[in-house]
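Below are structures written as structure tokens.
Each of the next two complexes has chain A plus one more chain, namely chain B in the first and chain C in the second.
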Partner chain A sequence: MSWQSKVVSTEIRKILAYRSDFWINFLGQTLIQLFIARALWQSIFESNGLTEMKGLTLPQLTLYYLVAPLTMKILMGENIGFLSREIYDGGLNRYLVWPLPPLGYKALTFLTYSCFYLAQLLIIYSIGRLLLDDSPYQLEELVRLILGMGYILVAAIGYFFLMSLCEMVAFWADNTWTLGVMLRFVAAFLGGAFIPLTFFPENLRHIIEFLPFASMISGPVNLILGRASFMESLTAFLIMLAWLPILYFSVMKLWKKGNLQYTGVGM
Partner chain B sequence: MIQVQNLHKTFKVSTKEPGLMGSIKGLVSRKYITKTALKNVSLEIKQGEMVGLIGANGAGKTTLVKVLAGIIHPTDGKVDVLGFNPWDRSDKLRSQMALIMGQKAQLWYDLPALDSYMLLKEIYQIPDVLYKQQIEFLADVLQIKDQLKVQVRKLSLGERMKVELMGALLHRPNVVYLDEPTIGLDLMAQKAVRQFLKDYQKEFKPIILLTSHYMEDIKELCPRVILIKSGELIYDGALQTIQTQFGERKKLVLTFEDKLTAPPQIPSELGTLEVQDNKLSLTTTRQKLNPAMDFLLKNFQPQDVTIQDPPIEEVIESFLRKGRS
Partner chain C sequence: MRYLRLYLHFLRFSFSRAMEFRLDFTFKIIMDCFFYLVNLSFYKILFMNTPTLAGWSEDQAFVFVSSYLFIDALHMTVFASNMWWLPFFVNRGDLDSYLTRPVSTLFFISLRDFAANSFVNLLIAIGIFSYALTNLQTPYTLGQLFFYLGLILNGWLLHYVLQMIFIIPVFWTQSSRGFNDFFFSMGMAIERPDLIYRGWLRYLLTMILPFSLIVSFPARVFFGPETPNLLTHLFVVTIVMWAIMLLLWKRGLRAYSSASS
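For the complex of A and B:
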């Protein structure tokens, strides 16, 4: 077994180490988010006497708010602090003395969380689809789901780079938690996790579509929910792919510079 | 072999005025000071040597270890560890090296140590047979077999240190950096860790560089010590030499046949006198040792005379206080 697969299995064991935290994380957070979104949109639909908004019915919107936050969660992987915390408290030392690429190790642990949440998305989406949409299942839906999940995983790599850029500011500024929160907010907003991008003004939407956030969040969500054609999804995917090398090289450059600043001190 | 030439490391550290106003001012502008952690440090350690690194808090011991382990980059100087520049972070070097920092865990807190060891086995590509041998040998010597399946966070401090040591030595490293390995441990655990390190050194002959505030660790384990003061290397040599050459105080102990009834009259400039039963002790300085001895032997007829060196802790403390001069 290679060290890579061992890292993945170790991370899974860490995720499963605490039973109550596991279930709260698995179900609690999603259900709360879904409940808030559903209540909010229901009141908007009812107060305006609408049955559809921007081509979305209330059950469709509910399904959107099931898939979009979970997609965001997959992208966020190990969550804010996965690298900055280690830089701050000197925990990074262990990865620097092990004979392996430290960032590669961190990417693997990050993506293990992403895969874990991806399984969560699959289960919750299947239940949600069963409850919220009574139309019969079709082959295309399954294809969209499989392609969408692959898309999200590639997007998670991109988001790992984005988050790493923020996290590595800790080499200079020590505590960068707020920066991570800001990135999450900006990504969720411009990616369509808060409000579907169809609700944005068209001019703004055209600009947003070329940023990495929309292609990382709305792209796969719309593919899974059948709200984008395969061609539109492919375009979004290619936009995201174009961002990957830019983000990768930025991360490597910052990592090299940051390492010169690292003091390895901490608690 | 480890070779260090003119190693220099400075840090830029931000400072802040105390109090609320200081914190508010700090939001707008910060003052920085440059702290020299290592100044022209040169040393050489041969394979199989166990060397103690001693210095006060903030003297630069841990910085030196971190530079040697490739964790931080030096400002200037050359370092060669087993033929590699440590901050190139070559896998070949890192697979022969181990770092144990008493105050920082390397293993995963939420998992039993054995789970972390399985990961380390893959990271260091330890063959199955060697892995099993090492687990058995280390668990046996450290007497920790029963704790290997318990979550690390649920172990006592001493047990945790033992499983950390075990994890760091699984791949039989040729260079081991130990930073305060017995910190916070009770006497029994300290003794067990020391004995283990002795046995390990005897068996596998790695380079071991040990920093510790417990002189007992150094005394028992390190024939050679390096003293660092304010980032400068002020002594590199045998521990015994410091004691015999640099111990300022000497204790002359005269043993008599009968119990001494009254304290004898001795000129106060010769030293401090102490009488207990049939023993007379005179604590004097190195310079006054001969006149004191002459005086005592002229005026008393002891059964036995011994000259004792002061405790090593005291000598090193005085050495560090005064420096090379």
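For the complex of A and C:
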């Protein structure tokens, strides 16, 4: 058994250690966010006497609010503190002496969480699609779903880099979870997890589309829901790919600088 | 008097601790500013696509959102840090040292840590709230404003009670987070006007888990017309929730085994 598979199985056991908490938090979060978002948009549709807004019907918007928060959850993987906590308390020592790449280990644990949530997305989306859209299934939908899931997984790597940049500030500062929270606010808002980007003013949208967040969240969500053509999705994917080397080299540079600062005794 | 003196000591310790970690102090202020900006932008974008929301105009919605930001800042300043640590205390058995002190454990673990950085954000939130009030087209008297502020403080306490109700199950589940994540998701319900909810969801958010009573009910009372039923509902549910929280807390302490898990 390679070290990678051992790490993955250990992380899955950790995720499932507190099962009741896990399922209540997961189902509670997913459903309540969906119901609140639907109630909000239903009220807007009804008060304006509309059946469609910016090309979206209420069931389509509901599906959007089912997939977008789950996508955000997948991107966030192991969540805030996955690296900073260990830098802060000196726990990073064990990764530095193990014959494994420390950042590779951290990336793998992070992505294990992402893959787990991705499986949840598949189940929840399938149920949601069945309940909210009565049109017959088509092959294109399945292709979109598979491509979309692959897209999200690549986006999770990008988000891992973004979060790592925030986490590694812990080499210099004592407490950095606030940076992770800031990143989450900005990513969710500019990525379209709170409001679909189509409702944003057009000039602002043109700028946002070139930032990594929109291509990480709206990009795959629109691909899965059939809201973007394959060409548009490919463009969004390429924008995200263009960000990956920039983020990767920034992470490596910060990691090297941070390691020079690291005392290994904790604070 | 004894509890007031104790709280003043908590304040002194919290401010000196905050000054020790200055970068952290700054980060937290910036984080909350981002939170305010995202919330205000959310409503700004919504109102670019609709003239009213649940019967409220943009200026009324602005007062509603800024009231929520005000409550959130108050909560972050007074309770949030303490509530963050409670599941860890239970999980690791650290609650022992609080149980043996000659003061109310609930008082101690709820108010021990005053977030000095959030106090700065509280001032910013008050600024946004005041600005929203100056832009409000609906006429109001000074008496109505003070009454509204009283209702907001009631909403702040209800917010605390509800979060405790979500955290206390940690005594039985032993996890290190409780149902905090679920609570934060439910927090979205506080940020939306209650009149958008219908049917069972409305019943849930105004009776069972009354998140809509925190800001939305006070805002409806403030914008008028007079609604005595709304006030009765608000006060009765608040009292019932306090009673439930205290009951759960007592049962939780009885179930507490002290052993770290």
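The rule we apply is simple: the second predicted complex is superposed on the first by the 263 of 267 C-alpha atoms of A that agree within 3 Å, B and C clash if a C-alpha of one lies under 4 Å from a C-alpha of the other, contacts with A are read in each partner's own complex, and residues count from 1 in each chain.
Definition applied: a residue touches a chain if its C-beta (ideal position, glycine included) is under 8 Å from a C-beta of that chain, and two chains touch if they have at least 3 such contacts.
Remember, it's a predicted structure, so these values are computed and weren't measured experimentally.
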- Residues of chain A touched, compared between chain B and chain C (which is higher): C
- Message: In the overlaid three-chain picture, which partner chain does A:Ala242 touch, first (chain B) or second (chain C), both, or neither?
- Response: neither
- Message: I'd like to know which partner A:Thr178 touches here: chain B for first, chain C for second, both or neither.
- Response: second
- Message: Once chain A of both complexes is superposed, is A:Asn259 in touch with chain B (first), chain C (second), both, or neither?
- Response: first
- Tell me which partner A:Ile123 touches in the superposition: chain B (first), chain C (second), both or neither. neither
- In the superposed arrangement, which partner chain does A:Phe199 touch: chain B (first), chain C (second), both, or neither? second
- Message: Shared contact residues on chain A, chain B side and chain C side combined as an intersection?
- Response: 18
- Message: Going by the contact rule set out above, which residues of chain A touch chain B in the complex?
- Response: 1-3, 5-7, 10, 13-14, 17-18, 90-91, 93-94, 96-100, 259-260, 262-264, 266-267
- Item | Touch list for chain A against partner chain C, complex | 18, 20-21, 24-25, 28-29, 32-33, 35-36, 39-40, 42-44, 47-48, 53-54, 172-176, 178-179, 181-182, 185-186, 188-189, 194-195, 199-201
- Per the touch rule above, chain B residues touching chain A in the complex are 11, 66, 69-73, 89, 91-92, 94-95, 97-99, 101, 103-104, 106, 108, 110-111, 115-116, 118-119, 121-125, 151
- In the complex with chain A, residue positions of chain C that touch it: 21, 23-24, 27-28, 30-31, 34-35, 38, 41-42, 45-46, 48-55, 173-175, 177-179, 181-182, 185-186, 188-189, 192, 195-198, 201
